[in-house]
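Next, two complexes with chain A in common: one pairs it with chain B, the other with chain C.
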Partner chain A sequence: MEMKFTTKNVNVYYGDAQAINNVSLDIPDRAVMAMIGPSGCGKSTYLRCLNRMNDTIPIARVDGDIRLDGHDIHSEIDVVHLRARVGMVFQKPNPFPKSIFDNIAYGPKLHGIATKKSDLEAIVEESLQKAGLWNEVKDRLGSPGTGLSGGQQQRLCIARAIAVSPEVILMDEPCSALDPIATAKIEELIDELRQNYCIAIVTHSMQQAARVSQRTAFFHLGDLVESGPTTEIFTNPKDQRTQDYITGRFG
Partner chain B sequence: MFLWIAVALLLIIMGAYYTGRGRAVSSVSGNYTALHSLPSYHGYYVALWAGLPAFILSIIWFFVAPQVLEGIVLSQAPESVTSLPPERLQVFMADVAAIAQGGIPSQVTPEREAAAEIYGSYLSVSNWLMFAVAISLAVAGLTYGRARIRPRLRARNSVESMVNLVLIICSTIAILTTVGIVFSLLFEALRFFARVPFTDFLFGLQWSPQTAIRADQVGGSGEFGAVPIFAGTFLITLIAMFVAVPIGLMSAIYLSDYASNSVRSVVKPILEILAGVPTVVYGFFAALTVAPTLRAWGGSIGLDVASESALAAGLVMGVMIIPFVSSLSDDVINAVPQSLRDASAGLGATNSETIRQVILPAALPGIVGAILLAVSRAIGETMIVVMAAGLAANLTANPLEAVTTVTVQIVTLLVGDQEFDSAKTLAAFALGLTLFAVTLVLNVIALRIVQRYREKYD
Partner chain C sequence: MTDTSILSKTDYHTSEQAERLLKKRYRSEARFIFYGRLAIICALLILVTLLSSIFLQGYTSFYQHMAILEFDLKQELVDPQNTGDPEVIAKADYRTIVNNMLREKFPDVTVRRDRKALKDIISSGSDLFVRSAVMADLSLVGTRATIAVPLSDDADSVFKGFIDRTLPEDERRVKDNQLGWLDQLSEEGRIESRFNMTFFQVGDSREPELAGIWGAVVGSALTLVVTLLISFPLGVATAIYLEEFAPKNRWTDLIEVNINNLAAVPSIVFGLLGLAVFLNFFGLPRSAPLVGGLVLALMTLPTIIIASRASLKAVPPSIREGGLGVGASHVQTVFHHVLPLAMPGMMTGTIIGMAQALGETAPLLMIGMVAFIVDVPTGITSPATVLPVQIFIWADSPERAFVAKTGGAIMVLLSFLVIMNLIAVMLRRRFERRW
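Moving on, here comes the complex of A and B:
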C-alpha cells in the first residue's frame, strides 16, 4: 500500500502540557485511516498536525517529522499550499454565512483555480455531485448554506473541501453532530471518496471505524498504542489497552 | 429633620426584621420545616410593612408640603403680593423659603420677611408633624405585619412581589422622565413653530437668531432657517467618521485577529482610557492645538484655513469616537464563531483573506450598527464643536471654514440672559427636538441591526 503521509516522532505541546508523545504513523493513499481512542487522548491534535491547523493555536507547539509524499510539510511546502492539498472537515458543520454556491466557490477563488464564471460553475456542480448533495440543492444554489439541515451542511462542507481538489481529506468526528440517517449518508460518501482520496477520520464510534476504514490507529493518553488493518485491530488486538477499549471496558 | 426621620425609620425597620423573624421561629417552636417560607423572609415581610408605608408617606410629604405652605403664606399675604404675575410670584416664594431656611434670597423686602416669618413657623409644624406621622405609621405597620405572621404565611411570595413592584416603579420613573423630557421638548418646540413656520425652519437657508429684545434695539428680525446648521453638523460628523471608522475598524481587526494576548491586554485598556478623556479636554485640544496647527500647515501651502474650522473639530471628534467604534466592532468581530475562521484557514486562506472574505462580511451588519451608533454620538457631541468649530452659520462644504452645529447653536441660544418666550430661545427647543428625533432614529436602526446580527450566531 502506498503511503501518503509518513510521520515520525511527532510531539505536540499546549504550553507546558504534552498532548501527543512520540507518535509515528503512516497514512495510506486511497484508503480510509480511522483514529480511535477515548476522548482527550489527542486524536484531533494529531489530525491537526497533518494540515498544520495547530499553527492557529498560539500556545501549541509541534515537533517531529511529517512528510506528505516524501516532502517535509514544515520546511518544503508552504502552509497555504499544504492546506489546499490537505482539506479538512470539522466536527460541527461550519458553512460560511454565504450562499451554497459561494461556499463551494470560496476555495477555488482563493487559490485561483478558477476565475471564469463557467469554470466555477463546473467546479461547484462537480463538488456537489461528489458530495452527494447536488440533487438536493441544485435549484437553490443562491440560498444560504446555513439554511440547510445539519447533515446537508456537513456534506456541503465536504463538497467545499473537495472543490480545491485536495489529495487528502481530514475529518474530525464529522458525524458527531448528526442523526443516524445523515451519518449513514456521510459514511457512504466516505466509502466512495476513498477511491480518489486519502482519508483520515477521527471518530469516537468504533462501529463507524469498523464500517468505513481499512486501517485503524488506537490512541491512548497521547500515545499511539497500535495501528494496523482495521479487521486485525478489532478481531485480534495486540495490546491489552486496545482490547479493553474495543470491548468497552473503558471509554 | 429628614436625617432624624431616616435614622428612626431605619431603627424601626431593623427591629421589625428581627421581630418578624423571631416570631416566625417561635410560632413553630424552632421547627423550621413547618414554615412555608424561610424565617428571614418573615423578617423582611414585617420590615416591609414597617418601612414602606412610612417611606412613601415621607416622599409624598416632601413634595406636597411646600405647596401647602405656599398656599398658607399666600392666603395671609397682602394684596401687593397676590397680584404679582406668576413668574414674579415664583421668585417671591423662592426668596421667602430662602429667608425662612437661612438661605440666600435674591432680595430682602419687608413683605418677604413677613411672609418668611409665617412660612418658617408653619415649616417647623409641618416637619414635626411629618416626623410623628411617619414614625407612628412605621410602628403601626410593624404591629400589623407582626400580627399576620403564622407558619403558613406565604412570606417569600409577598416579599418578592413587593420587591418586584419596587423594581417596576423604579424603571417606570426612568421611562416617565424620558417621556417628560420628550413632551417638554415637543411642547416648547410647538410654541416656536407657532411663531416661525415649520417649513421656514426646516428649509430656510439663513440662520441669524438675534432678535431685538426691546423695541429701540437694532437686532434684525431674526431668521430661523436651520439648513446651514444641519449642513454644518453633517460636515463635521462626516469628517469625524472619516477618521473614526477606518482607524477604529482597523484597530478592532488588529485586536481581535492579529494581536497576541499580551499586546491585547495592553492596547485594549489604553483605548478605553481614550474613551474616558472628558470631552472638554478634547475640546481645548482641538481649539488650542489642532486648529492652530492646521492653520499653520494650510498657510504654508497657501491654503486659507479659518482659525476655527470644521476640519479641526471633525478630526478631534473622530479621535474621540475611535474607541467607541473599535470596541463595538471588536465585539461583533469576536462574535463571529471561531469555527468559521477554522473553516477558512482549513481551505488554505491566509489570515487577511479570512478577514476580508469571511469575518468582515459576516460581521458587517454589526459593524454598520456600531457605526450608526457612533454617528449618533458625533451628532450629539457638544463640547468639541463649541470650542473648535465656530459660531457662524455658514452654508459651506469647505472643511477649512468655520461652521456651526445644532448643539453649538443650542448652547449659544440658551447661555446668558434670556427671555424664555422669545423665538430665539424657543428655537433651541426646536433644534433639540430635531436632534433628538435624528439620534433616536439612528439608535433604533443601529440597535435593530446589531440585535438581528447577534441572533444569527447564538
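Moving on, here comes the complex of A and C:
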C-alpha cells in the first residue's frame, strides 16, 4: 500500500502540557485510516497536525517530521497550499453563512481552479454529486447553506472540501453531531470517496471505525498504542490497552 | 447507620418543612419580580417627567407670531433707476421701508421714545423678510405689498401668554403702549401664528425670533462625518489587527489596557488635547468641524475598537477553521468570513459611538466651537457650532424666548439620537446572520 503521509516522532505541546508523545504513523493513499481512542487521547490533535491546523492555536507547538508525498509539510510546502491539498471536515458542520453554491464555489474561486461561471457551476454540481447531496439541493443552490439539516450540512462541508481537488481529506469526528441515518449516509460516502482520496478519520465510535476503515490507529493518553489493518486491530490486538478499549473496559 | 443517614429520608419532599421552604422560595421570587417592575415604573416616570418638561418648555419654539403688514415698496426707494437688476434691488434700504410702514400705520406716534418702542414690537430683522419677499417676486417693486414679518420675541411672548398683563408696567418687559399697538394689530386680524420655519432654516442670532438651529445641525453633521470617516476605518482596522493578527504578548496587553483606559478618559481632556495638538501645534482653524471631528474621533475610537473586538470575538472559531480548511489564507479568512459576520456588531458599536459624539459638548468648548456663529457652515473648515453646544449657548441666554429655543433644540437633538439608535437596531436586524 502506497503511503500518502509519513510522520515520525511527532510531539505536540499546548503550553507546558504535552498532548501527544513521539507518534510515528503512516497514512495510506486511497484508503481510510481511522484513529480511535478515549477522549483526550490526542487523536484529534494528531489529525490537526496533518494540515497544520494547530498553527492557529497560539500556545500549540508541534515538532517532528511530517511528510506529504515525501515533502516536509513545515519546510517544503506552503501552509495555504498544504491546506488546499489536505482538505478537512470538522466535528460540527460549519458551512459558511452563504448560499449553497457560494459555499462550494468559494474554494475553487480562491485557488483559481475555475474563474468562469460555467466552470464553477460544473465544479459545484460534481462536488455535490460526489458528496451525495446534489439531488437534495439542486433546486435551491441559492438558499443559505446554514438552512440545511445537520447531515446535509456535513455533506455540504464534504462537498466544499472536495471542490478544491484535494489529495487528502481529514475528518474530525464528522458524525458525532448527526443522527444514525445521516451517519449511515456519510459512512457510505466515505467508502466511495476512498477510491480517489486518502482519508483520515477520527472517530469515537469503534463500530464506525470497523465499518469504514482499512487501517486503524489506537491512541491512548497521547501515545500511539498500536496501528495496523483494521481487521487485525479489532480481532487480534497486540496491546492489552487496545484489547481493553475495544472490548469496552474503558473509554 | 443507613437509617440515620440524611439521604435515606425519602419522605422529605412531602414533609411540612419542604412545603414551607417551597412557599418561601416562591414568595422571594414574587418579591423579586415586584421590585423589578417597580424599578421599571420608576424609570418610566422619570423619563416621562424629563421628556414632558423638555416638551412643555420647548414646544413654543416651533411656532411664531407674524404681523401681516402692508409695505409701500416705492420705486425710488427700491430701484430708483428702474433697472430691474436683482443685485440693485437686493441692496435697497429696506429698513427705511419698514420704518415708513410703521409711521404710516401708526401716524399718531410721534414722540421719539414711543417710536423706538413701536419699532420694538416687530423683529429687528423685519427688513430681511421684506427683502426676501421682494427678491422672490420682483414684480412687487413699486407696489404696495402685504408681507408677513415676525414679531419681536417680547411681542411674541405676549401672544404665547408668557407676559402677565396684570403686573405693574415697570415690571413688565412689554409696556402698556406696546400692548395697545399689539392689541390693535390683533383686532385687525394682522397677527397670525405660523409654524416657525426660520428655526429650521438659519443659524444662530442675537434675536430669539431670528435664531435657528440649522447652522448647528449642519455643523453637527459635518463634524460627525469627519468623526465617522476617521474613527470607523481606524477603529475597525485596529480591532482586526489586535484580535486576529497581533501576537499575544506584553506589548499588545499594554495596548489593550490603554485602549480600555482611553474609553474612560473624561471628554474634556480630549478637548484640551485637541486644543494643544490640532490648534496650537498643527495650526488648524479654530471652531471648525474638521477639528471638532478629529477630537470626537479620538474620543469615539476606543468605543469602536472595543465593540469591534467584541464582535470579532463572537464569531465562532468553526467559521475560521472552515475558511482555513479550504485553503484560504489568514487574511482571506478574516476578510471573507469573519468580518462579514462581525460587521453588524461593529456598525452597532460605531453608531452608539457616533450618538455619543453627537451629544458631546465639553471637548468642543475647548476648541472654540462655543463661539457665536450666525452663518450656516459651508465646509469642514468654516466656523461652526454643533447641536449640544447650541443648546448650551441658548440655555445661557437670558431672554425668555431662548428658554423655549433651548427646549426646541433639545428635542431636535433627541430626535436625531433616536433616529441613530433606530438605525443601529435596524442594521443589526438586517445583517444579523445565524450560523
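Methods note: the second predicted complex is superposed on the first by the 251 of 251 C-alpha atoms of A that agree within 3 Å, B and C clash if a C-alpha of one lies under 4 Å from a C-alpha of the other, contacts with A are read in each partner's own complex, and residues count from 1 in each chain.
One rule holds in what follows: a residue touches a chain if its C-beta (ideal position, glycine included) is under 8 Å from a C-beta of that chain, and two chains touch if they have at least 3 such contacts.
Remember, predicted model here, so these are calculated numbers, not experimental data.
Participant: Clash or fit: chain B against chain C, after overlaying the two structures on chain A?
Facilitator: Aligned on chain A, chain B and chain C clash with each other.
Participant: Examine A:R211 and indicate which partner it touches, taking first as chain B and second as chain C; both and neither are also allowed.
Facilitator: Neither partner.
Participant: Of the two partner chains, chain B (first) and chain C (second), which one does A:G87 touch, if any: first, second, both, or neither?
Facilitator: After superposing on A, A:G87 lies in contact with both chain B and chain C.
Participant: Could you tell me if A:L110 is touching chain B, chain C, both of them or neither one (first, second, both, neither)?
Facilitator: The answer is both, since A:L110 touches chain B and chain C.
Participant: If you stack the two complexes on chain A, which partner ends up touching A:R61: first (chain B), second (chain C), both, or neither?
Facilitator: After superposition on chain A, A:R61 lies in contact with neither partner.
Participant: Thinking only about the overlay and not a real complex, which stretch of chain C clashes with chain B: 99-107, 117-125, 135-143 or 171-179?
Facilitator: For chain C, the clashing option is 117-125.
Participant: Output the chain A positions appearing in both contact lists, the one against chain B and the one against chain C.
Facilitator: 51, 53, 56, 58, 80-81, 83-84, 87-88, 90, 92, 94-97, 106-107, 110-111, 157, 160-161, 164
Participant: Which positions of chain B touch chain A when the two form their complex?
Facilitator: 260-261, 337, 339-350, 353, 357-358, 361-362, 456
Participant: What part of chain C is in contact with chain A in the complex they form?
Facilitator: 247-248, 316, 318-329, 332, 336-337, 340-341, 433-435
Participant: Touching chain B in the complex: which residues of chain A?
Facilitator: 51, 53, 56, 58, 79-84, 87-88, 90, 92, 94-98, 106-107, 110-111, 157, 160-161, 164
Participant: So in the complex, which bits of chain A are touching chain C?
Facilitator: Interface residues on the chain A side: 51, 53, 56, 58, 80-81, 83-84, 87-90, 92, 94-97, 106-107, 110-111, 146, 157, 160-161, 163-164.
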